[in-house]
Amino acid sequence: MTGLAVFLALWEVLARSGLLKAGVLPPVSEVLGQFFLLLGNPDFLAGAASTLLSWVLTILFATVIAIPLGILLGSIRPLRLATGPLIEFLRPLPTVALIPLATLVLGSGAQTKIALATFAASWPILFNTMYALGEIDRQLLDTARSFRTPLPRLVYGVILPSIAPFVLTGIRLSAAVGLIVLVSTEFLTGTSVGVGQFVFHWGSSSLRMDIVLAGTVFTGLVGYLVNIALLGAQRRWLGWSAAGGAV
Amino acid sequence: MPTMLQVSGLNHRYGGGDGAHVAVRELSFTVEAGQLACIVGPSGCGKSTLLRCIGGLIKPTGGTVRLHGDLVDGVPDDLAVVFQDYSRSLFPWLTVLGNVEFPLRSLKMSRDERRARAREALAWVGLADADRKYPSQLSGGMQQRVSIARALASRPALLLMDEPFASVDAQTRFELEDLLRRVQRERNSTVLLVTHDIDESVYLGDRVLVLSSSPATIVADLPVGLPAERDQITTRESAEFVTLRAEVARLLRDRNAAAEQALAEQVATTEQVSTGRANR
Amino acid sequence: MPTMLQVSGLNHRYGGGDGAHVAVRELSFTVEAGQLACIVGPSGCGKSTLLRCIGGLIKPTGGTVRLHGDLVDGVPDDLAVVFQDYSRSLFPWLTVLGNVEFPLRSLKMSRDERRARAREALAWVGLADADRKYPSQLSGGMQQRVSIARALASRPALLLMDEPFASVDAQTRFELEDLLRRVQRERNSTVLLVTHDIDESVYLGDRVLVLSSSPATIVADLPVGLPAERDQITTRESAEFVTLRAEVARLLRDRNAAAEQALAEQVATTEQVSTGRANR
Amino acid sequence: SVLNGGSGSSGSSGGNSGGPVEKSNITLGILGTQGSVGAKLAEKYGYFKQQGLNVTIKPYAQGPQAVPALINGELDFAVINYVSYYQAIAAKTLDAKVVVDGDVATETSQAIMAKPDSGIRTAKDLVGKKVGIQASKSLAELLVRATLKDNDVDPNSVTYLPITFPNIPAAIKSGQLDAGVEVEPYLTTSEQKDGLQPVIKIISGSTANMPVTGYIATSKFIDANPKTVAAFQRALFTAQRDATDRAKVAEVLPELSGVDQATAALLNLDTFPTANNPAQLQRVITLLQAYGGMTAQLNAADYLVPTPQM
Amino acid sequence: MAGLVGGGGCGVSGRWRAFGRRWLVFIVFLLLWQWITVSVANPYFPPPTQILDAAREAWLSGPGSHLFVTDAVTGDMLPSLGRLLLGWFIAVVVGVSCGLALGRLPKLTDYVSTMLFFARSVPAVLLVPVFLVAFGIGPRMEIVTILWGTIWPILLNTIDGARGVDAVKTETARAFHISRRDWVFGVVLPTALPKVFAGLRLALSIAIILMVVSELTGGADSGIGFRLINAQGGFQLAEMWAWIVLVSVLGYLANFLLTVVERRMLAWHPGFHAERLD
């Protein structure tokens, strides 16, 4: 928390110092003022609600898709080899370039941005799952095998707890990536209601950096809260593990 | 008695190409059901490898292992293992009780029964009070005892133990030895136990298998003629025990003699080098 | 001889609140420079905790440790440790040679000298051939010997060893014991060695510290009156050795008697329960 | 709130084309620029309702992004800039026609901006300079090129940097750009806040009254719903007739582009045609062929739905 | 590898089988793609063959003196790649070093974590105007945009990895007075390495995406992303797809190279050996 205070103070000083060109970085006090004004704006609240809901769905979908897939690919080598090229070709696809294509197929509603965000947010979870799987102590797996642990229990009793800390880091990364893609898609297409669209509409087009930053503060704040929640979960359930859960 | 375990022509080579290492060579022996066979052999000779092959945890590069006449291909049923690297074989996210219960969960068994069994096994090894701790909160010897309790709780037909008492004090070791013999008699389990303690191998075993240094081959297969009822004090004082013990020690020493000599020479030369340099 | 190590009123408590566990209570003793003190005590009594406190790896919750009269606050210079959990104390990404060399890197020393020293230490423990292997390719006993070699290679003034020979076979153990005594004499190092083997404690030590069960307190501090030059066969047969050994065993047994009795009772009751249920 | 929902029968009020529209629930994609003023006015003053249309308006950031939505039927009409539209037609990506001509730039509503002390006064001063244009091959670039050509300056002697309109003023101020094409509302806000000045006219001479954006619909839709299209045209042309009243335009501008009321009153407005004129639109095609590398021969009249009977 | 192919690594046929195993799914995917796009006939989804034609037109129709490559190759691909690699590389250096520090210094982490949480959730797109002014148009701003997006997976994964140093190894290092440098590079970094690599691979694809995004919003007048967006804006959809596919291929190649490096650096790791979990 002191860290945040120092950060905000630096921001304020920097903005007021005149080191930066005017209008680029409004002082934090103004941004926060604008932020609280935004909270009273029904349009903004509707956008925020839409973005948040989409975000929750994105994280949910990405998690549900990527963890099982990661476990499958991480543990079955032939499968990993066979799908490797396809995955590596799909992964760098820039979401922005896909917006028109996704719009064409899915329409320009919330489903498009959710699909795009899920696409982008799945990779961190998938990769962290696969890598965490490689890092499980072989001795633990041997132990489980020697007791003929049935597969489902092997997965939820041994594999999941072992990989959980790192996978959770993946989820936290995904959450940020998902939010970024959501807001960017809203921002760039300006079609589906959301924070990004709001920022684009009211901020960027009339050069109101304070509104842009207030919207940014909002996304940052929400990201922060979700991160805190995930971290809490990590500390609560994965306390036995030294790794995981810092930033 | 049926042949419980039949190892024939077992070979295991780690790696391939230049770095290949033959850990086990042409090993053959059988163990009857209900027997407790102790395995002794020099460090690094291939004892753990042998146990892993028998437990189906690694696939030997040659030869076969049969249990009840069936080829072992994968981990056999009704097996329990106490690993040499006990600390890494405990699940860090489970409590001591959770760890001991773990293998029982795969058995059809009510929650209460499972818990009772786990607690019973923990009491056997003297850890009844530590059931709610996590492995990282235990001392080395306690961790090792947890892994013994876990193996005993699952009441296996075949029990593989890799230096199970290496980290416990002498007194506890005696108690655990007696516990093991008692439990094994009662359940008529078959036990293969690797140990470095020659006294222990004779005291515990119905047989002692002496292995050569790497790659492991069988040097001797000594039946232990001690009575089934053994006692830490009287048994260890019996003439039979003393003879056997000396025999095992001699076998191990002789086998090592060549290697030992080489080692001694090496030490001597490096010694000279080092003392010559280390005048600090 | 100056007082090398002075432990006074040492207390250590793990955790706090309800789950607190007092591992060491009011422990005081001193060790002179060049002494080899063996520590024996029941499993889980607090021996490793004691070594950690002395090595400055954990901060005791009470009492002080002084080295050469200076308060230990942080890890003292010229220390080497052989950890009980040897397999986890080796760095899996370094070869055996790399592991032994690793602590030498921080000393001002040429690459060649470092390498020579590491090789020498590896030869001592009989692992000259395994220098290019990775720890995961070694057997348990070999890993343990690597960690011994690492400790010896750094030529420490104070050497803490936590059950350093637990995983090696009897023959190798003898050799390593002799090696340790020789190296210790030559360098005049001070050694604190935890062991579970009563014979070993007497054979190796200039003193044997017997600890009580948890929390650890000192039950006895026995000077070992054996000659400095020892020999595996003659020393172990000497009357002095036999008496001392019996004394240590008695001390350990007596200390444990109460606990043991409780344990026996527990086993008996759970036994009844289990045999009643286990008719399968 | 629509009483005549399902039946779609309500050509009553302004309908003089006979019969109800085929489709009364219409989705329209608009942009945040002046080209969409007509749609906002028609919505505000109920001209859509009068024509029996129940219109849902969806804002888009850029015209080309509405094209996929138009193709997959999500949108019935969309506002798009003509440059993109004719490129799509030439690439045969889109089979659509202009339904209503949206807006026409005026001398003051688009211009090259620069700092007052930049020394840039005429087209010749631009040689070797960095000029911001909305996007590569955008109308802005074409207009600059045409202006240079008209003034006998080599159009390739200028560096064109694609920077979006909102970002151009900051880029000029910080020296990243020497000049840049601006449109409203940034043109006015950059004058007010950043102290920039319009230095060169780009809507004059051969480029005077250049059409900027229009309302399009797919040919399929136009063929299937002629009455709907006509009703839509009538509603919009009615609205655009209103747009000669600056006050009315200023009313909808804040909602459209996010400027505040005070600024809205100051903006330089485009003009809003009240009929479709193929000759006007052909000028965009000519511009594209001359400066935008378009090779296809297009006839604007083939891609324009004629003005309906009002 | 040879061991996996099965049998006795029977020369050519074995290699073919390995190749088949690796690429079969991908080839099936290509065929499906062709089939579906041909039957759907949507201008937005040209069939792969058409994309290939467009690609040849765009990149290989240059004059003989240029080895037949067009300006697009030298003027767009290479600078883009340069920016991409530079941005990623800076992210690696900064991310790994900060990650190691933060992972081992919980106090410091507590101090800055709030700020980092916050920064992490800010989309680079929204910051483009700020970056534009702060760093100017051109490569610097694009590199910063790439850096902004790529650093997080590296940083977070490195922190995670660094925190995962086993307690016994920490004690070993302390007991032996390992120098600070050896502690960081000899203990913490190797421990973190598998996780760092996961982060590097994630970051690489994010870098590619951001390369495109930065060129789209940042006023670039050349580059892969610029061409892509231009083709999209000009409705040259086959060409747009050609650029998209190029981005994919670049991603694949970059990832492949990284995997090679990873194999070497993690050779000691039992989890990353040939026999993984199967």
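The letters A, B, C, D and E name the chains in turn, as written, and every chain counts its residues from 1.
Criterion: a contact is a pair of C-beta atoms (placed from the backbone, for glycine too) under 8 Å apart; a residue touches a chain by one contact, two chains touch by 3 or more.
Quantities reported herein were computed from a predicted structural model and do not represent experimental measurements.
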{"item": "Steps needed, at minimum, to go from subunit C to subunit D via contacts", "value": "2"}
{"item": "Set of chains adjacent to subunit C and to subunit E", "value": "none"}
{"item": "Selected pair, greater C-beta contact count between D-E and A-B", "value": "D-E"}
{"item": "Averaged-CA centre spacing for the pair subunit C and subunit A, given as whole angstrom", "value": "49"}
{"item": "Distance from the mean Cα position of subunit E to that of subunit A, given in whole angstrom", "value": "18"}
{"item": "For subunit A paired with subunit D, centre-to-centre distance based on mean C-alpha positions, whole Å", "value": "36"}
{"item": "Junction residues of subunit D - those touching two or more other chains", "value": "64, 67-68, 71, 166, 170, 174"}
{"item": "Per-residue overlap in subunit A, given as positions that touch at least 2 other chains", "value": "21, 24, 100-101, 104, 187-188, 204, 241"}
{"item": "Residues of subunit B engaged with two or more neighbouring chains", "value": "85, 88, 136"}
{"item": "Contacting chain pairs - touch in the sense defined above", "value": "A-B, A-D, A-E, B-C, C-E, D-E"}
{"item": "Interface residues, subunit C side, partner subunit B - complex", "value": "14-15, 21, 40-48, 84-85, 87-88, 113, 116-117, 119-120, 123-124, 126, 128, 137-142, 145, 155, 162-163, 166-173, 175, 179, 186, 196-198, 249, 252-253, 256, 259-260, 263, 266-267, 270, 273-275, 277-278"}
{"item": "Residues of subunit E defined as touching subunit D within the complex", "value": "42-44, 128-129, 132-133, 136-138, 217, 219-221, 226, 229-230, 232-237"}
{"item": "Contacting residues of subunit A [partner subunit E, same complex]", "value": "1-4, 7, 20-21, 24-25, 74-78, 81-86, 88-97, 100-101, 104, 120, 123-124, 127-128, 130-131, 133-136, 138, 141, 165-166, 169, 172-173, 176-177, 179-180, 183-184, 187-188, 196, 199, 204, 209, 212, 215-216, 219-224, 227-228, 241-244, 246-247"}
{"item": "Contact set on subunit C toward subunit E in their complex", "value": "52, 55-57, 75, 77, 79-81, 83, 85, 88-89, 91-94, 102-103, 105-106, 134, 136, 150, 154, 160"}
{"item": "Parts of subunit D lying in touch with subunit A, wherever the complex brings them together", "value": "29, 32, 58-62, 64-65, 67-69, 71-72, 74, 166, 169-170, 173-174, 185-186, 189, 193-194, 257-260, 263"}
